[in-house]
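Chain naming follows the written order as A, B, C and D, and within any one chain the residues start at number 1.
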Amino acid sequence: MVDLSLKIKDFDLKNPIITASGTYGYNNEFDDFCEVNKLGAVVTKGITLEPRLGNEGERIFETYGGMINRIGLENVGIQAFLDEKLPVLQKCNINFILNIAGNTVEDYIKLAKIAQENDIKAIELNVSCPNVKCGCIEFGVNKQALYELVSIVRKNYDNCLIVKLSPNVTSAEDLATAVQSAGADAVSAINTVRGMGVKLDFINGGFKKTTVSGGLSGKAIKPVALSFIDRISKVIDIPIIAIGGICTLADVLEFFSVGAKAVQIGTANFTHPDIAEKLINDLEKFMLENNFSTLDDLQKKIQKS
Amino acid sequence: MKKNHIGTVENIQEINKNVYSIEFSSPTLEKISAGEYVSILCDGLTLRRPFSVANFENNTTTVLFKKRGGGTEYISNLKIGDKIEFSAPLGNTFTIENKKTLLIGAGIGVAPLFYLEKKLNEIGAETFFAAGFLSESDIIEHDFDFVSTDDGSNGNKGSICDYLEQIIEEFKPEKIVSCAPHPVLKFVAQTAQKHKIPCEVAMEKVMACGIGVCRGCVISLKKDGKTQNATVCKDGPVFNGEEVVW
Amino acid sequence: MVDLSLKIKDFDLKNPIITASGTYGYNNEFDDFCEVNKLGAVVTKGITLEPRLGNEGERIFETYGGMINRIGLENVGIQAFLDEKLPVLQKCNINFILNIAGNTVEDYIKLAKIAQENDIKAIELNVSCPNVKCGCIEFGVNKQALYELVSIVRKNYDNCLIVKLSPNVTSAEDLATAVQSAGADAVSAINTVRGMGVKLDFINGGFKKTTVSGGLSGKAIKPVALSFIDRISKVIDIPIIAIGGICTLADVLEFFSVGAKAVQIGTANFTHPDIAEKLINDLEKFMLENNFSTLDDLQKKIQKS
Amino acid sequence: MKKNHIGTVENIQEINKNVYSIEFSSPTLEKISAGEYVSILCDGLTLRRPFSVANFENNTTTVLFKKRGGGTEYISNLKIGDKIEFSAPLGNTFTIENKKTLLIGAGIGVAPLFYLEKKLNEIGAETFFAAGFLSESDIIEHDFDFVSTDDGSNGNKGSICDYLEQIIEEFKPEKIVSCAPHPVLKFVAQTAQKHKIPCEVAMEKVMACGIGVCRGCVISLKKDGKTQNATVCKDGPVFNGEEVVW
C-alpha cells in the first residue's frame, strides 16, 4: 500500500492533487466527471465579501497551448457561499480550501474572520488576480503591502493559511520571503500570467477586432511556473503548492523535483474534466510499481536527483 | 452517470463546402435531448468545442458543423472508426410541448432544430420550419417549409428576417424557436415579443468548462426587472427570448 | 504597387519584417534559406566588448509551443564583429541593427561609441537578457538605472537608438516611459520570458534530472508580448517593434493592431528558416489585394478597428 | 542552392520495435554526403529534428530512427505519399579516404555508418563494421563484420566496448569512425588515441537552428592547447575524437 497523504500545518490532504481556484466551481460541480471527494482538496472559486457579476464582454480566449480569462471574479459572495455551497462541501465530504479576494485590507480581515468563525480548515489568499481593476492585484506585487496584509490576516486566522503568488513581478523571491516572514503556512504559485488575445477579421475591406486581456493559463505557462517555483523554493522553507499548466503525471513529478509538495490543476480540468482523479490514480500506480511507500519518500528521491 | 464519453466515428461526410455531418456512437451515452449539446475534445486544443445535437438514435449522435478554425478542422479530418472523446449531455433543453411551433434557423443554426422538429412531431405538435442561408450552395438539405437565400439563388431572396412577419401571419404559431447568428436571434426574439408569442432561442458563446463553473460564457438576463448573469453552457444554451438582454 | 517601407528616426527599413537577435547570426548565415538582404533588417546576435564563450551545460530545451534557451551571450566580441562580420553585412547589402549588451554602464558607453565611430545606423540595447548572471539584466528591471543607462548611451550615439525591454517586470509602463524620457528612438519588446524546462527520466529505480533555466520564446509567449505592447503603446509615442512568438501574417497584423510599427521574428526562424522572406511576401500580397498602398495606411486602419 | 526542401515519403517501415526506416525523395536535394544530416519539420513542434543519412540515391534520402518523443512519433506516423519538409544538407562530413577503416556503431548510431561504409567501399577502402546492440531484438539488419549484444542473445555478449581492443588487434585499422551513445563514443575515442589511430566521432546535441547561429549545441574542443567552442550542427556532427573535450 502506498500513502499519498500529506499535511500542511494541521490541514490534512489525502493526496497532493488539488484543483485550482476558478476552474472547479464551489463544491461538487465536477461530480459528473470525477469523484470529487477523492481529491486532495478543491480550491473554491475566489470569494469576495459581496457577490460580484464579473466583467462585461468576452471573457475567454483560446491561445496556443493555453487560454486567457478575464472573468473578473464573478462569485456569489461569502454569505451565499456559507449558506449554499459550504453545506454541500460538508455533505459530500469534500476537502476544500477557501480562496478569498478583497479590494482592501479590511475585506481580507473580514473574510479571514468569517473563515475562522466557520472553522474553515484552510484558506488561500488571492493577492494576485489580474482581472479586477483596483484592489487585490496591488498587494501581490508589492512586498511591503503583501507582508502587512498577510501578517494581519494571520492574526485573524489560525488554521492553514496559504498565499497565492502572482508571476507578474520582477522578483518572485522578495514576495515569497515576505509571505513566509508574515507567518503564512504555505505558498501556492503561480496565478495566471498577464496576457492578451487578439482576433482580427478582415471583412468587406475593414478590420473587426476582438481582444481579451487577462490572465494566461495552461500548458504554455508551465515553464514560467517551474522557474518561479524553482526560485522561491531556494529562499523559503514553508510548503509550496505548484500551479501552472499541469496535465500529466510527468508534470506533477517535474514540479516535485523543483520543490513542490502538492500541485493544483487548473485549465487542464477544462480539457480533460476527469484529469484530477486520473492523476491521483497515475501517481498511486507509479508509486506502487516503483516501491515508494510515502509521498515524502518519492519527493525526497526526486529532489535529490 | 458520468458525462465523459469515448465514441467511435460511424460516418462523416462533407455535405456542403466546409459543412460536415458526423455521426459517432458511444455505449455510455444513452440519451440526449433536443437543445442539449456535446463538447468535443480536439487534439492539441485546450478547450473542447461545443456542438448541438442534430439527431440521436441508438446511442449515436449526429452533429452538423461548419469548418471555422482548428477545432472544426480537426473534427473534419476524423475518419470512420476513429475515436472521439466528448462530454455530454450538456446544457438545458428546448421545451417539448404540443404547440404550433415555428422553427427559425439560419445557416448551421438549423442543426439543433432538426432534432427538435423530430421530437415535436413525435408528440404530434405541428411545426413550420423556415430556414435562411447565404446562397443556394449553403443550403443544408432538409424538408424545410420555407427557405430564403440572401442572394436569391434559391427560394425567396433576402434574409429570413425579411419574411418573419409574413410567416407569422400565415402560420400563426403559438411558439417560436430559433437558432441562428446573434443578429437574427435578436430580431426573431423581438418580433416574437411584439406579437406576444413565447420564444425560445439557442445562444452561442465561447466556452471553457461547459458546466457553469468557470463563468466564461455568461450573458445577461433580466428577470423580474432585475439583471442577472446566466451561463450559456449550463443555464442555456436555450433561453426565453424575452429574458435575454440583447 | 505597395510601399512596405518605414523609417525609425533616420533609419530606413524596406519593410517591417526584422529578424531577432540571437536567432539569425551576425549577417548572411540564413542565405541558404532566405534572401537575407530583402529583410527590413537583421538584428545581430548580442555583442559584448569582449568575446564570450557562453554557458556550460545544456543550452536549449523545447517546451510546449516554444523553447527555453540559456546561451549565455556567446559571441565573438565587438572587435571580431567589426573585422569579420561587418564587411559581410556591407558586401551583401544587408540592413542591420547591432544588438549590444554589457555588464556595466561603461561597457555600453564604449560599445555605443564604437557603433558611432563605425557609423552603424541603428543599435538595439539588450538590457534584458536573463542569461547572464550579473550585469545587464539589472538595468532592464529598474527604471532609474534604465533611465540613466539610456540617457548616457544617447549622449554617445546619434543614430537610431532602440531599447529592448524585458517582460519579467512588475510594470512595463514604468520602464517604457523611462526609456522614452531618456531619449531612445524606439522600443523593442519583448525579450524572452523567464522559464525553466525539466526532464525527469526514471531509470533503474532512480531519477535522472535535466534542467534548463533561461528565457522562454516562441508561440507560447505571444499573448504575453501582445499584452506588454498593448500596455506600453498607451504610455509612449516612440515607435514600438514587436517581438514574441510571431510566425504568421495574422500574428504580424495582431501586433500592428496593438500599436507596433514593425516586428521581429525569433524562434520561428528555427521552425521555418524561410519564414522572414515569406512574411514579407504575404504582407505585400495582402496589401496589394486589399488596396493598401502604404504600411502606414494599413497600420492606421488596423489600429482604428 | 536553397536548403529547405519538401519531400515525398516513398517508403516507411517499422524495422524493429520502435525503430523505423523512412525514405523520402525531393527533386531539390541532389546530393548529400556521409556524415551530413537532415533536419525534419514535425507538426506542432518548434524545433526541427536532426537525423543522419543512412543512404542517399536518386534524390531519395533514407533515415533510420528510433521513436523517442513527439518528433519521432510524428515521423513514424507518416504514410507513403505524405509530404515531409526538411533542411539539408546540414553539418560536415566524414572524411572519405582510402584507409583501412574500423566502423563502430551502437544502437541507432549504426545509421550514418551504413552510408559511410558504402562510400568507403566505392573508393575501394577496406572496412570492418562492428556493431553493438542491447539485445537480439534491437539488431538492425545489416551485413556486420562483428556484432555484440549486452545480454548475449545474439553475437558476442557484452558492450561493443568490451571487444574494441581485440578488434583493433585483429583488424589493425588505420582509422576508426564511430557513432554511438556518448559513453561509447568517449571510450572509442580514448582507445583510438591510446593506439594512436586517427578517429572520427559523430556527436549529438539538441539543436535549434542547425546552422551554427544560435549557439545552442556547442561542445568544447581543445585545439593547439586552447579550449574553444564548436557547434555540433555546423562544425560537426563529425569531430576528430582527439580534439573533443569528453
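Assorted remarks:
Please note the rule applied: a residue touches a chain if its C-beta (ideal position, glycine included) is under 8 Å from a C-beta of that chain, and two chains touch if they have at least 3 such contacts.
The structure presented is a predicted model; accordingly, all values stated were derived computationally and were not measured.
Fewest steps needed to get from subunit B to subunit D, stepping only to touching chains, is 3. Work out the mean CA point of subunit C and of subunit D, and you get 35 Å between them.
Work out the mean CA point of subunit B and of subunit C, and you get 47 Å between them. Residues of subunit B in contact with two or more other chains: none. Within subunit C, the positions touching two or more other chains are listed as 63, 65-66, 219.
Taken as a contact graph, the chains are arranged in an open line, each linked only to its neighbours along the path.
Taken pair by pair, the chains that touch are A-B, A-C, C-D. Those residues of subunit A that touch subunit C in the complex are listed here as 63-66, 68, 141, 168-170, 193-200, 202, 205-209, 211, 213, 216, 219-224, 226-228, 230, 245, 250, 253-254, 257-258, 290-291, 301-302, 304-305.
Per the touch definition, subunit C reaches subunit D in the complex via residues 22-26, 29-30, 32-33, 45, 53-54, 58-63, 65-67, 69, 71, 74, 218-219, 267, 269-274. Residues of subunit D touching subunit C in their complex: 1-4, 41, 45-48, 87, 206-218, 229.
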